[in-house]
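Two complexes come next, and they have one chain in common, chain A, joined by chain B in the first and chain C in the second.
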Partner chain A sequence: MTLVAALDDLTRQPGVRGALVVSAEDGLVVADALMEDVDGGAVAALTASLLRRMRGVAEVLGQASPQLVHLVGGEGSLLAAPAGAELLVVAIARPEANVGAIRLALKRAAERVS
Partner chain B sequence: MRAIEPWVEPPLSAFLAESAARVTLLMTASGQVVAQHGFTRSLDVMAAAALGAGIVASTTELARIMGTASLGNASHQGAAMGIFLSPFDTPRGRWIALVVYGPETSLGLVQLFFGRMVADLAGAAPAAPKAGPVLAENFEAELNASLRSLFGR
Partner chain C sequence: MDDIQALTLQLARDPSSLVFLPLAETLRRRGQLDAALTVALQGATRYPEMAGAWDLVARIRSDRGEGDLAFDAWTTVIRLDGDHLGAHKGLGFLAFRGGDHRRSLRYLQRAVELAPSDSAAQVALERVRELAGAQVVPGFPEPTIDPLKALEPDPGSALLVDREGRVLAGSVTRSDGEDAGDAVAAALAGVSREAERATRLLGLGGWARIGVEGEAANVEIRTPTPDTVLLMFRGGRVPPGRLILLADRAEQESRRWLEELR
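Now for the complex of A and B:
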């Protein structure tokens, strides 16, 4: 399955505004399926930084690396999951979206692209 | 961080704080240094500025030979650190940024906040001063003043 096909599966979920595959180390976009008003480059850079810091927090706490990060904002959510050692899969969702279904789709996408 | 012109400092400070870049050099297209952060020796700054301007000049010429529009930024990913080199337009003409960053940040973050700095510099630039005649006796005094601004001596 190609990266784009994995993202299409994710963006078919109701309420998803976009999804990206991101290079974990560089914070650069590898593939994306985004609505026009979403700045993919900014999302990729900031999400990779967030995941790196979350990994640091987990290490300090003696925990395993996070399998999924869910950031809830006033106007929606951002969900991100590592896909192997080098990639991240990111989804951006509206507030009314079914976050449970998106989490499952995100994990599936992460398994497919890793 | 040191800058020849004070209006450059706020955008550059914000970029340094947000991108976590280790070294940053802003220069004109001809290699004249406008601002620097992270260098301790003036010789290093002059060498880096000359090399950075040379690389951009070379890639611009390559683009012309290839019949394409000007090439954008260039990045070099090393084992311990990366280098980001990008020309950009300002109200004062074409400038070049040379950024060195470590594993505490990423190329994506450097690019993201670099774009914001370019926009901030465009908004912060005052009207260009009227160019006066270039006199030999002024040249050395201006060069010394620029070096004092950049290195505090």
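Now for the complex of A and C:
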């Protein structure tokens, strides 16, 4: 299965504007399936940076690395989950999207990618 | 003829006179609270814009153990005269008696500001601070009550920090029992800026929250005000949805507390 195919289930969820596989270390796009208005490079870089910071917070709390991070804004949200040690799967969703369903699809995609 | 008889006669001769004030006060001091209340209410009804009349009604109500009615009367006093010392002291006392230490502190602090030489207000303020565990918070002049303490049955799982990564309220204890407040505060220092930058660049609007799910614990991060960050965490047995509701409440309390301080 290609990496893009692994994102199919995720991008089919209503309200999802795009999904990506991102390199966790350097924040570069590895594979993507995005709507035209989504800047994949920016999503990848910002997500990797946010995940690093959340790992730092988890570490000082004495917890293991995060399994899922959900950044919520007034006009949409970003969800990210690690896929193995080196990759992240990321989804960008509209505000009205079903976050519960996207969360499950994201975890399934992360398992396929890893 | 004693004071009460003399004042009663005077009031009977001129019902519109202000003699109802010393008469009701004398009756109150002698413990004749029913009579005192009748006189004070008649006077307050005649002079509804007189803060002193409602203050007297409130003090009599308070002596009668009618806290809710005393509260209403003192609230009327504050509406008529926002700087009424007696009303601030009275409301501070009522709030303390009702267990609302934060509100009590607010009224008593105002009372001390209005009358710095009022030793009774000063003593009451110190007492409330001591009982409520008020502490000095970076950037704020007066000791204050931690807003997260009341919400946290198990302290050590919520923290409010400022932009510079200084702890404002709450505490964080790691699962090994170690205090991690300062380390978490430092780790959170740049989170708000980073989240704001990410949501702005990605067209997601202003950031509202970050949820972090882990193997053993879930974390919620909020921004009660643009220059503060709130973190709350719970063990993995607490579902993420419930943690969101708890964090909603902590965020609201933190915001209210910060607004009061400022």
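Convention: the second predicted complex is superposed on the first by the 114 of 114 C-alpha atoms of A that agree within 3 Å, B and C clash if a C-alpha of one lies under 4 Å from a C-alpha of the other, contacts with A are read in each partner's own complex, and residues count from 1 in each chain.
As a working rule, contacts are C-beta pairs under 8 Å (C-beta built on N, C-alpha and C of every residue); 3 or more make two chains touch, one makes a residue touch a chain.
Only a predicted model underlies this, so the values are computations on that prediction, with no experimental measurement involved.
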Most chain A residues touched (candidates chain B, chain C): C
Which of chain B and chain C A:P66 touches, first, second, both or neither: second
First, second, both or neither for A:T2, with chain B first and chain C second: neither
First (chain B), second (chain C), both or neither touched by A:V57: second
Which superposed partner A:S49 touches (first chain B, second chain C, both, neither): both
Touching both chain B and chain C, residues of chain A: 42, 46, 49
Parts of chain A lying in touch with chain B, wherever the complex brings them together: 22-23, 25-28, 41-42, 44-46, 48-49, 52
Complex contacts: residues of chain A adjacent to chain C: 37-39, 42-43, 46-47, 49-50, 53-54, 56-78, 92
Sites on chain C touched by chain A in the complex: 172, 174-176, 178, 180, 183-184, 186-188, 190-191, 194-195, 197-199, 201-217, 219, 221, 231, 233
Of all residues in chain B, those that touch chain A in their complex: 77, 105-109, 111-112
